[in-house]
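Next up, some structures in structure tokens.
In the two complexes below, chain A is the common chain; its partner is chain B in one and chain C in the other.
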Partner chain A sequence: MRPLTPPARNPYWRFLLAGFRGQSAYPLATLAGLVANATFGVLKGSIMGAAVESSGGELAGYTAGSMAAFVWLGQGLLGSVNLWGGSDLQTRIKSGDVAVDFLRPVSVQASHVLTDVGKGLFGLLPRGLPSVLIGVAIGGMVLPSDPSAYALGLISLLLGIAVSHACIYAVGTSGFWLVESRGVAVFYLSFSGLFAGLYTPIYLFPDWLLTLALLTPFPSMMQLPVDVLSGQVTGVAAWQHLGVQALWLAIVLAVGHLSTRAGRRRLEVQGG
Partner chain B sequence: MAEALRAYRAVVASRARSQASHRASFRMDLVGALLVGIIEFGEIWVLYSATDQIGGFTLAQIMLVFGLSDLAFSLADLVAGHCDNLPLYVRAGTLDVFFLRPQPVLAQLVTSDLSLRRIGRCLVGATSLTVGLVLNDIEWTAGAVGLVVLALVCGFVIFTAQFVTAAGLQFFLVNGAEMTNAFVYGGRYAATQPTSVWPRSLLVVFGAVFPVAFAAFLPVSTLLGVPGVAGLPVWLGWCAPVAAVWAVVVAGLSWRWGLRHYRGAGG
Partner chain C sequence: MNVIETEGLTRVFTGRPDRGNRLRRSRHVAVDGLDLTVEAGESVGYIGANGAGKSTTIKMLVGILVPTSGTVTTMGLHPLKQRRALARRIGVVFGQRSQLWWDLPVRESFSILAAIHSLTAADERARTAELVDMLEMEEFLATPVRQLSLGQRMRAEVAAALLHRPDLVILDEPTIGLDVLSKQRLREFLVAQRREHGTTLLLTTHDMGDVERLCERILVVDHGRLAFDGTLDGLARTVGARRELVVDLAVATPDLTDVAGAEHVRSDSDGLRQRFAFDPQRMTAARVLAAISERAEVLDLSIAEPDIEDVVREIYRATRR
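Right, the complex of A and B next:
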């Protein structure tokens, strides 16, 4: 038997690792997710490809190859970001389990967000990479030739995953006031996909809708990382993307922090 | 049959009473379902507004397709959508109770949970269909009316069969429940697309195996006289009942096969 590892000096690293490892325990679920993901990808790829073709080979700056990259990178990211609005925190507030979280000598926000980011990072292996491989093999996806696209892209990807889970946490804290926050999750779910660029690139939107989308953190979760990673955006513009993402990360983390502090005083756990 | 229908009516009525008693929550669920539907239409609107047409279909024409398929899917979801809960019942052992009662297991599953909030979703499809019927230049013969009604009924049957097929497969998948999303929810997405943009693989999967192309797109292309699939006749949309029968046969086989495979959760 392996000796028990001593308590880590930094428990937060453990949360990240636990989230990562927890996901690897369900290989069939992961395969199932990939099948569903790939089916949607082929459907989305064919309609978006046809849209580019009917616009004469170029649509809002996308060619057939870069549109395929948009589709398949987006599909690959789906397992790593949370666009459906529900969270562990939400369930634990409703059941009262969150009281236990507050007793632990670690930050509630950091432990939840880091566990989810760990899960998200794991999702890149069984979902992200295969999606990209499928995209290249059958989707006609073009990979960027510039190595800096990959370097900046990975940072952007990490920021995107972090923004998504930090945002979900902040949304989940609404449960301190509402208890049943399912309505908030449904509201989140309806806008997140559209504004994150899950269905079409947000650059296809009419101006007013694009402005509206850019005023939310959603593009930072998917559209911006996909832009950078696919090499659609390079140089100064890519750095600008990273800056916008970092700004949103700071904002959603701050909101989550403040609402946890305020909500903690509101928390009333029923039963015994 | 009359006996079964009376039981179903009693379940629906009790569900309606219980769900309407939490008024605020029910209203919010209705609004939520409506919002999700509107945004989904928004995506189609964005895409078809950014281009003139896709696969030979304009925004007005695709509104017909979206309306028809979304309405049919929402109705099927209302009646059979909770078949998705089967893995939960299997894991919790609730399903074993179903076997003890003197009613078919599928009938009990279908009446187990009826979410009336899904009605909100039907409104979006119905509106899009109505607007589509007004915007497009359709010659209103008896045949045209018949085709729209036929498509709606067959679409409903096809999507309901899809839910049951998925439920049958769940007995094998359990933890891999998401796999069936590929053709249930993927099928809903596919049904809103022009089949003319599909590669051959998608034509086989969503035109033949899970025949959602017959739920809306092919009947609409027949109605408008626009060929749906290159090389196939325009009247293909009239074959929707054949597709519906096929979907029901597949669902029946899948459900029986799954049920026979089930050995209990041992609880």
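Right, the complex of A and C next:
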């Protein structure tokens, strides 16, 4: 049997770490992100709170407290998932720097996805945690009392971050054919927030729209982890959530892998 | 063993269809039936005008561009199908692109690359120390890459490409934008690496100094075809790569047309500044200067090396005739 490689000598672990550390180089941008998150959180919280109140204290299974949890956990996740569609891969294909990625004896997909996941994990510290604290302090957010909600929630959260960045990678590979894939990113942006449950819980949608949303990977990025983390969904249903997320992770990773293999042959690195 | 082998290597770029005629596409042959063999331990300068096909060739050699036709083997491997195996054995520096982590200290980039190339911890320490010493990088090891000067970054880039002791090093414009001292330091390092590790070197450059100091064999490419393949001496013989000595004289002097071993090219400012061309293979700058000094008082002087553009143009003229 091959001896296990210590983490420091494992390139993929180093990519994860590089993403995490690289992101910490921009404290001002992180702070600005938190302020924007909190501002929109207060707005969203008031609107959704009013909606719950006007429907008699309960709306699609949400109470005032659990709706606040939905709002603030979602805001907290914004710094860790990518709903806007752009990526390093996209810019590196356009500039030709992606050539450097292909000249390394590692998987280009794994190196990109892990770097982005590393950035996402860093985002939990300066943006995720403070959002939750703000939510508890001023938003009336209720934390789950069952410790298993935290354990499953953490797994669901990690899966959500992974699905998001693996999906963004797959979207970015369209650049192998298009070179300039900003249009694809804009298209992505126009669906991601709605179906991820950024604006309202997707359970408020009419049936047909909810079905449509559930046929995309977007709920796995935010709605499902927020369900599990907030304790809104527990037990078998929580495990089902994790299963759906794992399935989407496998699908978007497979798509990214195949499109890298096909797209690589189309790549025309621009310039010198 | 042949490190690089290409046969009929061709790459055609097709543009978007014309507006008027959808069936017609613009077609540009960047590399045209290139047959090339480079043996282990050679140092090859690959030169040519902009758009002659240098970078396109290199991209196909390393597997980031698919040839339209022909074959290419690098280190005995198929660059596209055996990308990862090849990546372990070559080091590539694109002067215009970075392989370092922008936000992280230089030291961290080296450490990640060492992990990527599966160096052991001990090997990583030894090799990093060697490179840091030879390329004088100690002072900026802890600096994030985005804060490096161009000269510092290029040294770090070259170190990054050579960290895993590749058998073949490909450098695309490695000295572009560097000052004289930085260029010199980089060249000395590359010469030392070749001497110690027997590294094969392939470089494209616009700098004649790079070619003269680093390359034993010169390839000149024109419209995707080889226009010249030979030694530096052979190149000099073909195009007469002469040097130019420019002297500023104390007083206006009639043209000094009788300097032995050198040809009077031109005079400016009524003969205050005069230019002489000579063949460095047969004449030294010192002897030309001595001959001029016998005839007039020299205040200042400079020696101009031939531009690579001039050499290339001469080759193109000679081969297209």
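Going forward, the second predicted complex is superposed on the first by the 264 of 272 C-alpha atoms of A that agree within 3 Å, B and C clash if a C-alpha of one lies under 4 Å from a C-alpha of the other, contacts with A are read in each partner's own complex, and residues count from 1 in each chain.
Keep this in mind: contacts are C-beta pairs under 8 Å (C-beta built on N, C-alpha and C of every residue); 3 or more make two chains touch, one makes a residue touch a chain.
Given the structure is predicted, the values throughout are model-derived calculations rather than measurements.
K.L.:
Quick one: classify A:Thr200 as touching chain B (first), chain C (second), both or neither.
P.N.:
First partner only, chain B.
K.L.:
Which of the two partners, first being chain B and second being chain C, lies in contact with A:Ala137: first, second, both, or neither?
P.N.:
After superposing on A, A:Ala137 lies clear of both chain B and chain C.
K.L.:
For A:Arg21, decide between first (touching chain B), second (touching chain C), both and neither.
P.N.:
second
K.L.:
Where does A:Ala254 make contact in the superposed view: on chain B (first), on chain C (second), on both, or on neither?
P.N.:
After superposing on A, A:Ala254 lies clear of both chain B and chain C.
K.L.:
In the overlay, answer first, second, both or neither for which of chain B and chain C A:Leu178 touches.
P.N.:
neither
K.L.:
Who wins on chain A residues touched, chain B or chain C?
P.N.:
On the superposition, B touches more of the residues of chain A.
K.L.:
Thinking of the overlay built on chain A, is A:Ser190 touched by chain B (first), by chain C (second), by both, or by neither?
P.N.:
first
K.L.:
Which residues of chain A are in contact with chain B in one complex and with chain C in the other?
P.N.:
In chain A, positions 26 sit in both the chain B and chain C interfaces.
K.L.:
Along chain A, where are the residues that touch chain C in the complex?
P.N.:
Against chain C, the touching part of chain A is residues 8-11, 13-15, 18, 21-23, 25-26, 95-97, 99-100, 102-106, 264-265, 267-269, 271-272.
K.L.:
Quick check on the complex: what are the chain A residues that touch chain B?
P.N.:
Where chain A meets chain B, its residues are 26, 28-29, 31-33, 35-36, 38-40, 42-44, 46-47, 49-51, 54-55, 59-60, 180, 183, 186-187, 189-191, 193-194, 199-200, 204-206, 209.
K.L.:
Which positions of chain B touch chain A when the two form their complex?
P.N.:
Residues of chain B touching chain A: 25, 28-29, 32, 35-36, 38-39, 42-43, 46-47, 49-55, 173, 175-179, 181-183, 185-186, 189-190, 193-194, 196-199, 201-202, 205.
K.L.:
Show which residues of chain C lie in contact with chain A when the two form their complex.
P.N.:
So the residues of chain C touching chain A come out as 13, 55, 59, 62-66, 80, 83-85, 87-88, 90, 92, 94-99, 101-104, 108, 111-112, 115-118, 120-121, 144, 172-173.
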